[in-house]
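Letters A, B, C, D, E and F name the chains as they come in the text, with residue numbers starting at 1 for each one.
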Amino acid sequence: MKFIENENFIKGLEVRKAVLGPNHVERSLAFADEFNSAMQQLTTEYCWGWLWNREGLERKQRSLINIAILTALSKPHELKLHVHGALRNGCTQEEIREVILQCAIYCGVPAAIDSFRTAKEAIDTFEE
Amino acid sequence: MKFIENENFIKGLEVRKAVLGPNHVERSLAFADEFNSAMQQLTTEYCWGWLWNREGLERKQRSLINIAILTALSKPHELKLHVHGALRNGCTQEEIREVILQCAIYCGVPAAIDSFRTAKEAIDTFEE
Amino acid sequence: MKFIENENFIKGLEVRKAVLGPNHVERSLAFADEFNSAMQQLTTEYCWGWLWNREGLERKQRSLINIAILTALSKPHELKLHVHGALRNGCTQEEIREVILQCAIYCGVPAAIDSFRTAKEAIDTFEE
Amino acid sequence: MKFIENENFIKGLEVRKAVLGPNHVERSLAFADEFNSAMQQLTTEYCWGWLWNREGLERKQRSLINIAILTALSKPHELKLHVHGALRNGCTQEEIREVILQCAIYCGVPAAIDSFRTAKEAIDTFEE
Amino acid sequence: MKFIENENFIKGLEVRKAVLGPNHVERSLAFADEFNSAMQQLTTEYCWGWLWNREGLERKQRSLINIAILTALSKPHELKLHVHGALRNGCTQEEIREVILQCAIYCGVPAAIDSFRTAKEAIDTFEE
Amino acid sequence: MKFIENENFIKGLEVRKAVLGPNHVERSLAFADEFNSAMQQLTTEYCWGWLWNREGLERKQRSLINIAILTALSKPHELKLHVHGALRNGCTQEEIREVILQCAIYCGVPAAIDSFRTAKEAIDTFEE
């Protein structure tokens, strides 16, 4: 077994599948090898088991905050996954749009143009 | 008169005072001179009149999103103002904390350590 | 009609077409839908109507400054459009090269290598 | 002698003094020790001897481009020096203002607010 | 007790004290309150307990890599702590200098100038 | 001849070929034209002739530091070349993995996920 199934990992795996979709998560874990499995361990345990399980913000709010962060940091690959996550968590297209418009003002117009392009692709390819 | 008091400016001035506090805003406008008054014009009109007046996200949500963006971009001066704004808009300390913890994971630990320091100062100096 | 045709929008549309090319702009506006039309509105109105219409810097200078900003921020999609814009505004290849060399020193060599690649593609595909 | 006085260093020292002021440069070189003198060598030789001596852009244009880059990268210490440099190179306050307003749109409002504050201090403390 | 003393926390606390100095760490933990104690928990557990305890890189190497990262990300507060950590872990001033010179080329000259200033202060105030 | 073959250029060319592979370097130089040859000159002379020839850090250490920098700055094209360089310089896959895991904590998880993807591709396409 390549992963350490501690408490955060187990809780994290469940949330991660609920937000990013079970197919995506199972594929990521299946492709993990000696080079990158520690990254899968860390992400599952620390992002999903530790952070996303905390109280104080609803999942829907965490999704919108991630869209802002990923726009600010210019991370289109992760943004696409997290737009899907936002839709799974019940965010509306209107809310996603408003977050990216807010980024246009605070992160600059080029960051927002890139994220609108990525988010549009994510919305168009989303099927649940 | 150094500002163009168009519709977005007038609406924006009102929201800006409600969120950042009337004293801060009046001081900023009073100190505007030929060098920087266009920046005051733009901010009032475009951030506050155009963006913050839009529907689709509550002010409280926009405040939390700004805390995330300002942490991602490492902007402590603006962060301090917007932590005050978040408190005025009804965000709890718990919600602010959760946003910065989310940034620890997604923007890296040093960005979050800096923002906890700034946010703590902002909370301690906030009086309403 | 999906756009608010206020004064800045109308002036902005004209400058935007002159700099980025009418085909690109008409395509962007035609594809705007409920999700992203507010971004088109904002860009046309504030970047192009408000900023690019200001006096104090020639269009050619604004183009060179944008090449520097887009290199500093790592935004290849926008850089490509703005290299085309720079050529339309009368910048020479030599000036574009000098701006990116300056970025090599101040933004780091990897940012400049990426922008030379993008700018080269933009120059090679530019036809007027 | 702690510096290698090759051709780029000698040419660079001259330009660096002309742009940043002889006092600033002499102080920087005098304080150089075993830990940081290689950085002084590199900066003088590579930024000032190699880049700033190139043809293709006037010094005034390089100053405006640096103001944009340093705003995009959030580097207030260097920005202050380069606003002084811009004034020495004949840029007007109006041109400096226009560059930072352009950054407001493309790099985001918080970056521009910070740079207006720094540039204002630099202008107020500039004496020639 | 405000912290969850799990295995990673306990191991992490030990490494953190060894690298950043026991006084700094005890002060940080003592000042933790309801607002920021979860950040102390996360840092101790994940940075220090999970990452810094991993095999595959010596502590000295991790210190040099952190100096590079903190220069790339412009984080002077954390850089100061980690220059102290690097000295405690046996890095020489020469190695620290070489890392920041490498950042001058790859992250740009302004990032390196800022980090030389911060690192110099850290070296001058370091006493063991 | 399009390059100035000074001492740093000649020494730099040798190191650059040793680290990035002679084919890559010869192709880059062959494709240099009036637009981008000064960038090739600068890179060969300053990165490779000046920096990489310095004593104080082994090539292997410089490679690991570059992987950290390129992850922090989100530069996948250069990262791919420098993962190849790291392997040529004798870094193990384990060391490369540990550097990127360190970036996960300090630069944020999305930066590390992107770099694991790029590094994995680089490792899989590396043949020596």
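We adopt the following convention: a residue touches a chain if its C-beta (ideal position, glycine included) is under 8 Å from a C-beta of that chain, and two chains touch if they have at least 3 such contacts.
Please read these numbers as outputs of a predicted model, since none were measured by experiment.
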Equivalent interface to E-F, taken from C-F, A-B or B-C so that over half of the residue contact pairs match = A-B
Ask   = Which pair, B-E or D-F, has more C-beta contacts?
value = B-E
Request  = Go ahead and note the Å separation of the Cα centroids belonging to chain B and chain F.
outcome  = 40
Ask   = Roughly how many whole angstrom separate the Cα centroids of chain C and chain D?
value = 25
Ask   = So how far apart, in whole Å, are chain D and chain E when each is placed at the average of its C-alpha atoms?
value = 30
Note = So chain E residues touching two or more other chains come to 38, 42, 46-47, 50, 54, 70, 73-74, 97, 101, 105-111
Message = Going by the contact rule set out above, which residues of chain E touch chain A in the complex?
response = 38, 42, 46, 50, 54
Query = What part of chain F is in contact with chain A in the complex they form?
reply = 74, 93, 96-97, 100-101, 104, 108-114, 116-117, 119-120, 123
Message = If we count contacts the way the header does, which residues on chain C are in touch with chain A in the complex?
response = 34-36, 38-39, 42-43, 46-47, 70, 73-75, 77-78
Chain E residues touching chain F - in the complex, by the definition given at the top = 46-47, 50-51, 54, 56-57, 61-62, 64-66, 68-70, 72-73, 94-95, 97-99, 101-103, 105-107
Inquiry  = Can you tell me which positions in chain E touch chain C when the two form their complex?
reply    = 105-111
